[in-house]
Each structure stands twice: as C-alpha cells, then as structure tokens.
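Both of the next two complexes hold chain A, though its partner changes from chain B to chain C.
For the complex of A and B:
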C-alpha cells in the first residue's frame, strides 16, 4: 500500500498527459458509517492519485468500498457516513474540509459523476433537457435565453439522434443506453476536470456498453479530462484504464498499470479476480483459485492471511470439499441423447405499446391502444435440447431470450408453435393449468435475481422444501424430520453450509442465496433446468464458484440446462451448444467453440467484439 | 385530456347507478316508519295508512324505485317530509356551506402538513421530526367534536377571540348575493369586506378543527414519500451535479414526493366529509351533513338519498381532479392515458 504513489508515478504517461502534477490526491482516506450495529469502516487508509488526462480504474467486488470512495471524493455520502481520517486534495482544494458552498461549486463543474442504472439516476418526471439545463444554469454556463440551444448542442455531442425532440423526452421514453448518454451529457455539461464513472455500463448490453465507453473515452480525451472508472469488471478496467487500483474490503490491495494487472497480478486477491474473470480459451475449472494457494511472493506477505476469510474466498471455501469429477471431454458431453425438449416454430406476439401498461392505465380501465401493430417477441424459433446437454440462449436485451425461456417454462402461452418435452406436447397445455401438471416438476428454473426470487419470510430450509411440499409426492417424504434430512441433502449438494439453513434471505450473501435457489431448483430432480442469467447479479469470484457448482450438479444428476444469458464468455464455459438470438429470431446456432471462435453471423462477430478483452 | 375526462366520467356511471340502488334499498330497510313519524305520536292507524298512501309508500318496492328513478332523471330529488322543501333546493343551498368548510379545512391542513412533512424528512431525527410525529399523533387521536369543543371553549368562552359558534355569519350580517355559494368568495365579489371578515371569523375555528384532523395523514405521507425520494438515485445525481439544496429538495425531490400525497388526498377528503357531519353539529353550521343526520333520524328518505348521491358525485369529481393533477405532474401517467 505504501508503494501506491510510486507505482502510479511509474505509469507511462498517456499522450494527453504532459508531466503535469496530480489533479487529485487521496491520502490515507478512512470513511466510517454510523449504523445500528455501531461504527462500520467502509474505506480504510486508501491512497489514490489521479493525474491530468489519466484514467484510473478502481476495481473490486461488492462491499469493497469502491463506490463509497467515489462518493466521498464528491462529499455526497449520506448522513450516516463521515470522513474519519485522511486528506483529499483536488487541484489544491482540501475537499475533506471544504465548505458545503465550495463543494457545490466543485460538484458538476469540476468533478462530476455518472452512475450505474442510468434510468434511475434521472428525475423521472422532468424533461431530460431541463435536467441538463438545470446544471448549466446553476453553474452559470448558460443563461435562461440560450440554455436550450446549449443543451441541444451537448445532446449532439453525446450522439443523441434528433436532439431537438429528445430535449422534451422523459427518461421513461428513452432506452437504457440513451439514458446513460443523457447522464453523461449531464456530467460533461460544464466541462469538468474529473469524471467519476461508477459502474457506468452495468446492466447495459455489451454493444451498448462498448458504445457508451467509447463515447466517454472520446469525450474525455478530447477535453483532456481525467477519469475514475469504478467497476467490478476487470476486463472493462483493463481495456479503458491507464492505471488500475484493486480494492478489497475497504482497502487498496494493488495498484498497477492496467496491462500489468492482468499479465502479472501481484496480490493474491487480484490473482483470484483475474482467474475468476471469464475469458477466451479457458475451462470452467480455471475460474476457481488453485486448490493449494501458493503463498505469493508479495512484499506484504501478511495480506494472504486475511484473504482466506475474505468475502469472495468465503464462498469458495464454503463448498464442502468440492468433489472434482473429471469433466468429461467436451465432445462426449454433447453426445446426443434423445431430444428432451423440442421447440418448433415458436411465435409470441404482443400488441405494440408506446409504454408498458401500468397501474394507472389499469385503474382507468384503459384498453390497449388501437394500433394494429403487433410486436413479435419470439419470431419462429426452433431448437432442441438433448438429454444431458446444456444449450445457451444468448442475445441482447429485447431479443426474446427471456420470453422463450418463460414460454418453455410454461408460464405464458405462445401465440403459435409446438413445444415437445420428452415426447409430450406441453405447448398444448395452457399455462394456467401447467402449474398443476405432473410435467411441471420435471422443468425447474433458477432465476436471475437471487434475492428477489426468494420469499423474504421463508428460511433457506423452507425455500428449498417448498417444491417438495407442493409436488414432491413421489419422494414419499413423511414428517418434518425426513423433510429436514432431504433439505440438508439438497443443501449439501448445492454447497450451502447446513448452519445457514435456518436463516432468512436477508441474512445470506448473494452467493449463498444463489445456492438456495439452485438447491430449490434441483429438489424435484428435474430433467430440464432453465437458468435465467443465474450469475448476472453475482460478483465474479462468486460467479466462478456457482458456475462450477452448476456444471458439477449437471454431471451428477444428469440434467439438461437451458442457459439464458447475455454473456457469451459465461455461456461458452457452461454450454455445449449456443443459440444466438436477435429480434426474436435465431441468428446462429452451433457448438460453443464454433460460435465463439469462428462466428458465422456478422451479428455474433459484433457481439464478441464488443466484449472488453483483457490483455492476455 | 378531454378523452381522459370522458372516459373517467364513463367509468363513474356504473358506480353512480350502484349508489342510487343501494341508497334506495338502504333507506327502505332501515328501521322506522316515515309515515308513522310524520303522522305524529297521537295518530290513529287509519291516519298513518292514509299518509302512507299519500306518500306512495304502500306501493311495492320496484314500483317505488321506478317512480324514484323517473323523478331523479328529471332532476327531482323529492321533498323532505319534515320541512316540505324540495331536497334539490335544500342541497343546493347547503352544499356550498359544507364544501366551503371542508375545502378550507383541507387547504389549511395542506398548508401546514406539507412544509412540516418536508422539514421532518429533510431534518430527519431532529426536533422538527419529533414535533411532527407528536402533533400528527395528537391530531388523529382526538375526535373532531372534542377538538371543536375545546377550541370553542378556549377561543370563544375563555379568550373571547372567536365569535359565537353559530352558523356561517354573525346575525347582524346578511348573506352576500349567491354566485358560488362560498361566502368568502361571494362577499369579495360583492366587494363587501365587512361580510367577508365576519364569514372568515365564523369559518376560522371549524376550519382549524377539521385541519387538525386532516393534518396527520398528509404530514406522514409527505414525510415518508420525501424520505424515499431523497434517498433515490436521481436525487443523488442532482446533488452530484452541484445543484443547490433548495433546488434539489423543491424541484427534484418534492415534485416526485407529491405523487403519493395527491393519491391520499382523495382519501383524506372523504374522511373530512365524514368528520364534517360532527363539526357542523358542534358549530351549528347550516351544511349538508347536519341536514342528512336529522333526516336519517326521522326516516326522511328523500334527503338521505339526495345526500348520499351528492356525496358520491362530489367524490367522483374529486377523484377526477386528482387523476388530472396526477397527469399534470407525472408524464408517465399522462402518456398511459
């Protein structure tokens, strides 16, 4: 940690940088939060330096303190948080002790921020143009008479098409990527010197992510601005940053030039992160830390000790002695058993609507708009899933992959098409009745959000027992003791420590909740499990563990997976075959290797190119 | 916008029909015989029967209902048995009195509760917040007739600041020429400041009584919704952009926080209509509530039916106004309509 500043100075200066002094210097920053359980230190003794024109990446998993650090730089921590120690110097100004008035002048004009979840970051009931105008007017960058023209000029700079019209748009009328452009416009409106981007592309599609990041890079370069990019995605940081700082549990564990972080990570935590990041040319087991942790030749040797108790490490160490069954060679795995699921010419149409029908419209008894236009969410899709096979369904948001999985799950009815499951035409069973159909227990689902998909008032044990109680007749479980034994068996399979079984979802970590969801899905010994982005909400190190767990369970239980994801790298690791979807149609189908390494369709190539490639 | 209004009114029609049927049935099944009441305690069964025939109460219920609806469609709400006056005229003269009282109570409550709720949220955990909690709890805990009597006792009887709680105007004044039926407005239109002052003085204490009652739900909802909006991400964006606290709170947070408050206003208004009945009794207010209570006690069907119908229409109009206000504030609601 003491080497931080030296390391930064060792960075090769970017072309934009001309050996000027640092713009921002953070020294020994410690931030505390007063909570009900006492004082929690979120950021401990953090040192950072950002030079003019430099892009600094702060990388870490949830709870690492990276966002708190950035809020502290702007002094927008909530009431409970305070700077306990350390200094923040921004172009000569002592930020930690500056008056609120000084800070207001800094915010937006000198330092500005773009946020995760752009739609929520914008005022839902104010025109986006007015929101940008507010900032311009406040910082005296425009006058009421010319503010609109200025806003439109800025909208043009962030490549918003038809800016005159979009000035009057509300956030709900714009797509996620467009909202992020508005947030960027808002942040860059006053030509600040430092831009803090807090997970700016999380939740956006890869192609949108690339467009947004390229735009940010271009605009900041052109203005000679410095950027702090906060992300959990090492690949993204490595692609767009000059220097990367890795944070773990409130501390900076490593600072190095971007390419070094990937090629030669020094700290064990960084090594673990790098390993856990899905990337081309690796196998699933490569994501996990090596079984015997080799003590790393780090100057600060004591760092490896607390790691074992670390959040990410916890998840993996919780696995009760992972039995490492030799994964079958890929070709064999895909050997076709009889087709389990056969989908033919699946079609799902929705009446096209300007905005989703909400509570209010329902209240007024409004009918769908009279427009005749029909939106095809799934447009003539056909595919098969064989016994014991995993098939990935990949595409960007709105491509129809989730609709497809929901129809296969028989939660909604298709407009037309045939779904055959193990020789039975389950598409003919109405969605309403399928819940009580004996076939229902043979198809299970693991949901995207491990938190929202658990009943907050059920303990982990109750959640896992739920399907058994509802349709587990064939297991002949009698009485609480037998049920408990069964639940414990399932929890063990899913790698959930048994002492956590009586906890409620809010007392579990994200990875633990994911395990509960998986244990619940395998409880009825299904033949097909639909995995709807099961790891999208998880940290990479937890994702690595969960993906391996899923692979293992598949081998042991002989299930088939339909894996819905937007992340091609993850899909490649888990799936035998991949189906790429776009606008409800299949663009490409093939084995994972074929699709990823020799994509035939231009769209697939575009998708693959958009994934930030870490320099390996 | 016109389409929205039309569709809202159209959806209100079934509920109005329901109200007409239910009030008709209810007044018929309630205990008490209008004919007996009207004939007086000394009347012979023969006299009662005669009156019953005269009032049409001996006809079968469906026939009575058809008669009622036929009259209703002509705008005839029937006549009160006790006063002999047509119900429509009575309601027309009394409704403005109640409306003036209820609206001024609501406006006063809003004027106090909203800033209070905002302050409590912005300065969460400080004395303002605690004061807000204490006052609102006290406000809902005390029944309106009690607060009303207490205020009369203190401000009329002890301090002598308020005029006698007897109606809308001091006896020495005459009502201003009717334009809206609201004395405050009519007297101003007539340019009669003396009458205005008298009407305002008479209105003050009953208004405060109602406002204290309505304060609690409004202040609490304002506080809760401000708190959730203040912790939302777009408020953080606004703060990160350096906007002043005033702009952040009033333009960004407050307008969003108003949405749930507006929704609850409809409910608060209907509570107030209920509370009004008691307040009118305490202050001898010549409003529609006291009229309906007296009619109900004497099994006087026509005024009760007229009252319920008037309230239903009022409530429907109010909800329409609220929906429109919602649409003005929230573009999402607008585009769905």
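For the complex of A and C:
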C-alpha cells in the first residue's frame, strides 16, 4: 500500500522539468507542541516559498520558531510536536503527510541540513572520511571500491587542505571551522536540491564565518541548489540571501528582498531588529527603538557630574539620525583619571597536552607533528586601563583574551609579568589567596554565558546577595530585611523587575539572567568590571538593551570596564580604546574610532572585512 | 530546541516554597503513576516500622509449641514457625530493624562517600588520588565477603552491620559524586562564587552540593534497597542480628530448612517482605529525582 503511494509521488514532475518554479512551498503551516502547560503553538500560519537556486534567509530571535520551522520541513520534530495545519510541498511531494519511508529517502538525498554545532554533528570516534563515505554508500552515490576517491574529491571541494591526510582525521583533531566544512561536505555529498543551514556559523570566529559562508554560497550556486539560511544575525542574512523572512513569536512578520530589509524595513519588529544590529557609524543609544529611551536606573539628577560629556554624546545621538550619523566620536571623550590597572609583560605558558607522543604514534605508524612542549597563551602583553575608562580586548578564539582576563581577575596565576591595580601589585598575590583579599571586591566580572554563571539551585535574589553575604561588610547590612532591600536596590539598577527575584535561573529569560549577573557584579561597588563577552549568548535586541545598561551603570557608578569580545562593532560601541590580540600578542592598540576606521595592522583589517556588512 | 512559552512566566512567581513542592510532587506522581505506587509502598514500610510493634496481633517472640508449623490461616495470616511464633507479627516487627539498618548505613555513606567524592571531583590532585585509591581498594574485594569480614572482625553487632554496609557502598557514592562535581567544577557560577569571596570549602558545600543532591537522591534510594539486602544477607549467614530477634534475613534462613518438608511459608513471607522493600526503593529513586530537581519544575 505504502509502496503504491510512494510510486505515485515519485512520478510527479521532477524539479528539473519545472524549471524556475518553486522548489518548496509552505502554506499556512502551524506547528503545535503538547507541553505540561497545555498546547503551545510554536509556529503560526507560516507561508514560505523557495524557488530553485534561491537563498532564503529566515531571521528571528530565540523563540521565534525559525528552528521549529526548519525541523518541520525535514519532519524531524520531537515527539511532542505535530503539524496542526497547513501544507508543505517539496517538488511535488506532500511532506506534511508523506510516509516515514518517503521522508527517509528525501532527507539527505533531496533536502539536507547543517546544524549549529559542527562538532556535535559528527561522530567523535569515527574518521571524518569514513563518515562521508557512509552517506555516499547509503544513498548509493558511490560503490565500496571507489568510495575513498569520491570522498577525497568532496573534501577538495570544501577546501580542506591535504584531503588525503584529513580523510583519516577524527573530528577532535580538526578546528571548528574545519568541522563545519566536513558537515557541509556531508550535507552536499548526495547533491541535494535544498540545503537547510541552521545557524551554521554561530560559535565560529568572524573570519571563519566568512570563509564558511562564502564556501556554502559558492558550492550551492555552482550546483543550482536552493538554500534556507536560518540565523539570528540580520546582517549575515542580508549579506548572503536573496530573500529574507523575518519571524517573530512563530509568525512571519515580513518577507522582502535582502537589499530592502535594511534599507526600508516595513514591519515595526524588523525595524527594531535593524536598529539593534551593531553596525558602523552609530552610537550605543541608536541600538534601541526610538520610543524607548535608555532605561534609567536612577533619576537624571543623581548621575555623577564629571561624566557629562558622555551624556552629551548620548543625548545628541537620540536626535533623529542624520544621513551621515556622526555623533561625538567616543575616543575623543577624553580619558578621565589615572591608570587603574597596569599590566606589564604578562606571560602565561601551558604545557602542551594531548599531542600523540611516542608509543601510540609509533604503533599507528604515524609521526607526531613536531610541536613545542610549551604553549604561550599570553605572550608578553602590556596595557593599561584608566579610571572610568572602557577598554576592549578583541581577538578570535584562542588569541589569549580570555586567559588575560582570567589572570587580571586573579583566578589563575600568570607565568610572569606584573599586574598593578590602583598602585598595588596584585599579581604577586597567589590566585588561591586572592579570594579572601580585600582587593577581591574591587575587581568583579560579568560572565559570558548568563545561564552557566548562575547556580541553578539559587534564586535570583540569593545569587545577587551572595557577594554581599561574603564581602559586604562595608555596607553594614543587618538581617534579612536589610539584605532584601539592598538586593532590590541592585536589581532595580540592573533593570530586573522585582517580582522576578524569587525565581530560579531556568524560569528567567536570557536577558533577565544577564541582568542578574550584572547586578551581582556591581553589588560590591567594584572599580573594575571585566565583561567577558557579556552579550554573546543574547539576542540582538536584548544585547542592545544590555549594552546600554552597562554604559549607563558605568556612568552612574564610575567604574572601569575591560570588555573582552570577538565582535569589533560591539566593542566600538562600548569602549574608548581597543586592543586587538592575536596568538597572545597585541596586534594593534588605539581609540575605537582609529582602530575601526583606520586600522593599521593587516590582521585588524582582515577582522573588520570579515564582519558581514549589510547593504546599507 | 527552544520553545517559546510566555504563558509559564506568570504562574511560577506566585507560588511559595512548600505549596509549590507539594503541587510539583502531585504533578510528578500523576505524570508517572509508578512513582505514586512507589510512594504508597514506601508509606506502608514507614507505617510498619513506626507503629508495627504496637499493632501486631501476637508477641513476635512468644513461642507456642502447640501451634508450631501451622500453615497460613485466619488466626495466623502468614502461618507460624517451628516454635509456634506468629510469622505475620514477626515480619511486620522486623521492618523497623531492617529499615533502621538501611537508613543509618545510607546516611553514613552519603555523608562520608558523598563529601569525599565531591571533594575529589572539585579539588582534583592529591585529594582525588587518595579518595580514588581508597575506593579502588574497597572495590577490589568481593563486596559481600568484605562486609562479612568487617562484621566478623569488628564484632557481631547491629552497629557493625551498619558500618560494614556503609563501607561497601562507599565507592558507589564516591564515583557518582566525583563525576558530578568534576562536571561543575569549571561552571561559570563556581567562578562567580570565587569572585565574591567564597572559600573553596564553602563553594563545595553551598554551591556544588545542592546541585548534586538530585542525583545523590537516586543513588541513596537505590542503595537503600541494596543495604536492606546486604543486612538480610549477613543475618542469613549468621552474622549480625542474632535469633530470636525478628529480622527478615534470619527468618528466611530459619525457614529454608523447612521448605523441603513442605512448610514453605516460613521462608516465603519474610522473603516477600524483603522483595517488597527493595522493589519499593528502586522505584522510588526516579520519582524522587523528579521531585527534588528544580529544573523539572517548568
């Protein structure tokens, strides 16, 4: 019976015969999930059309239903989810009602998918070449005798250098970008008609992101394939897609050609997203919707006077944006105060691990690559942070920026070098003893992942109270009521609604968790706050609000920031000065404007060029 | 996969501690009826242990040779043994002793093994090596034989059964606690706790331990059943509890001699009671984890 149905479906006109017609048509798609709280509609009445050879971008923030939509197209929803309404037609096949067998044939051969985390998508204990070979054999694209040659041919196509050797590599031996190339090779192995890329470059460095996206574009174009690119990054979608679909809360709010979405966004939500995307030539407050002025934790009058210049810059930029937005360049704001933090010749060495040595390498007949026994994560770095100043530490993964910040944080010891904080050599205090040192409260940190940095068993109030309980003698807090009042004061400053204070982290949204982390970091009124990619895990609109909050708090409390990030645009918005790092060394240092607009080092230019530039 | 669920934002905040826990327990039980069954069985065990000696129809130690070796009847539900003691009364009264041994030994091993394991996972280095070698040494013995040896060496008392049972379960707790602590050692919230001036031991006790409790609960429930079996096993071979004290292991041992002659009830009913208790704790484990884990309260 099923066989008969399959036959009729298989004999519908192939896409080649349909020429320019739509490859995929989604009509009024509604997807529901059965949860404990009843039925949740994740996708509502979505209409999509992908023509042959077209690249469609689906853009939305977390919870917008963009991933659910793509899973539905592949019919790989988890058990609780079901298609409540609507049709999905892929080159004549009714996907919504197709049998599991038809779908199995479709997946991989006709539609394939690239996932967010390339390493997780590969089997960690099998050679990458064998993994590609499996797919080829399974879909009858190769025979056992010629499979290896085919795999190497494919590896060459995805620009893997030395494909003969890399055929035998395991996923952990390859970098993130290389793994994503393997995943792309897997996805394209069977020459599918449609490629669904679900956040293919999240977690990759900008230069790697550019290389991967250029590769995908080139390969799909050469084969006349259609692509659906799912991303939270409007800039990325606008750069690489023909058409962009913007989704919000399960609904499609706008469908437009890519070049129009930035120039003339129609829907208010798209406008909000476009505004919130960091891009050249704007000020921090430009990120927020025009109606909502920067959330002010304190009345205007209470702000400290010496920072009026900064306030002026903000105020001017809240005017209707001029055609050439040129508010007061942040670098010219003057550098207030004396040096607060001075780092000199910082060096951190690690012994190399995991290099296959002697015995096993000999056994496998492989030669261990000659590597030095010592790896320098930070290699002679010197910089200063002045009082009331924000300094950005920028570089790609592995450049030593996080190691530097952790050393400055005094959580690990440097191999050598001097760290002076407010005239005191804090580098001389071992990291283990620093927890009890009075200097501890003066250096605090906002962590990268707001979820990971909160104890899942502590309520928001308890998390914020923790530093006060341990080191808050200066505030003279007595009893639970006073503590609660202090926590509420901090939560208000961080813009966290007070009724959320008794919730556990998993009951809070990403932005709310970030606010809890910020409230905790400022609880002890520190002089220096290290921001370790504080917005990397957040949606752009939330990032816009959090960045503004951080700037606001810095002005109010007169703190200095050391902002660690990979995103130059974000750094420019918040920082007075930028330090670009590579392989543990400083590549370039200068005011934010200088570095972004007239970069001296070739590496900085490369970094800036790799950021997807939306067609403004 | 993330799922937009704005509806659940409002409801959680209004609930206070105990009420929320009860509501959550009710949900877990209704979602998984087996958990409800396990809690029902647990309640039966608790009642039997608490008030058993006061409600049983006969004195569990009083022998009545006229009524010896009687099959189950309305007068003696589980029959009588070779001395004419009422088996039903003896099985019920034995609950307190068996449960007591299990609970105390599990509490002891949770405190010792749990803390040692967390410290090993969290501190690493020498702490890890020492704790690891101790548990490896224990694991190198056949565990029941080790327990026999400990009781034989330390003396034939109930306290020593508790200690022996705790020692043989030590490696299980160390392994679980160590693995869980090692996962969390590098978490952001641990770093954050360091930044706010917490000492390492305080981080271990106030940050890591609460996060490991759910999985330790499961472990405790599972080892409860194991501890009961172990105590009964030791008594069965004549170590630990001495006759005429009612204890399931001894009763099975005493009854085993009579099975060949057809008096099956003397061994069967204490054996069933053992099975009931062990089965109950095994079922309880998963349900307990669902209740104590706040992540499940979404």
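Operating definition for what follows: the second predicted complex is superposed on the first by the 534 of 616 C-alpha atoms of A that agree within 3 Å, B and C clash if a C-alpha of one lies under 4 Å from a C-alpha of the other, contacts with A are read in each partner's own complex, and residues count from 1 in each chain.
Assume a contact is a pair of C-beta atoms (placed from the backbone, for glycine too) under 8 Å apart; a residue touches a chain by one contact, two chains touch by 3 or more.
Note that the coordinates shown come from a computational prediction; the quantities given were computed from them, not determined experimentally.
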Which of chain B and chain C A:28 touches, first, second, both or neither: neither
First (chain B), second (chain C), both or neither touched by A:78: both
Partner chain in contact with A:138 - chain B first, chain C second, else both or neither: first
Which of chain B and chain C A:502 touches, first, second, both or neither: second
Chain B versus chain C, judged by how many residues of chain A each one touches: C
Partner chain(s) touched by A:605 [first = chain B, second = chain C, both, neither]: neither
Chain B versus chain C as contact partner of A:444, first or second or both or neither: second
Doubly contacted chain A residues - partners chain C and chain B: 78
Chain C - residues contacting chain A, complex: 1-5, 7-9, 11-13, 27, 187-189, 191-200, 207, 210-211, 294-295, 297-298
Interfacial residue positions of chain A with respect to chain C in the complex: 33, 35-38, 40, 42, 62-65, 67-68, 71, 78, 249-250, 409, 411, 435-436, 440-441, 443-445, 447-449, 452-458, 463, 466-467, 470-471, 499-500, 502-504, 506-507, 517, 520, 523-524
Chain A-facing residues of chain B, complex: 4, 7-8, 11, 124, 231-234, 236-244, 247, 251-252, 255-256, 323, 326, 329-333, 335-337
Complex interface listing, chain A residues touching chain B: 74, 76, 78-79, 103-109, 112-113, 115, 117, 120-126, 134-135, 138-139, 170, 172-173, 183, 186-187, 354-355, 357-358, 360-361, 364-366
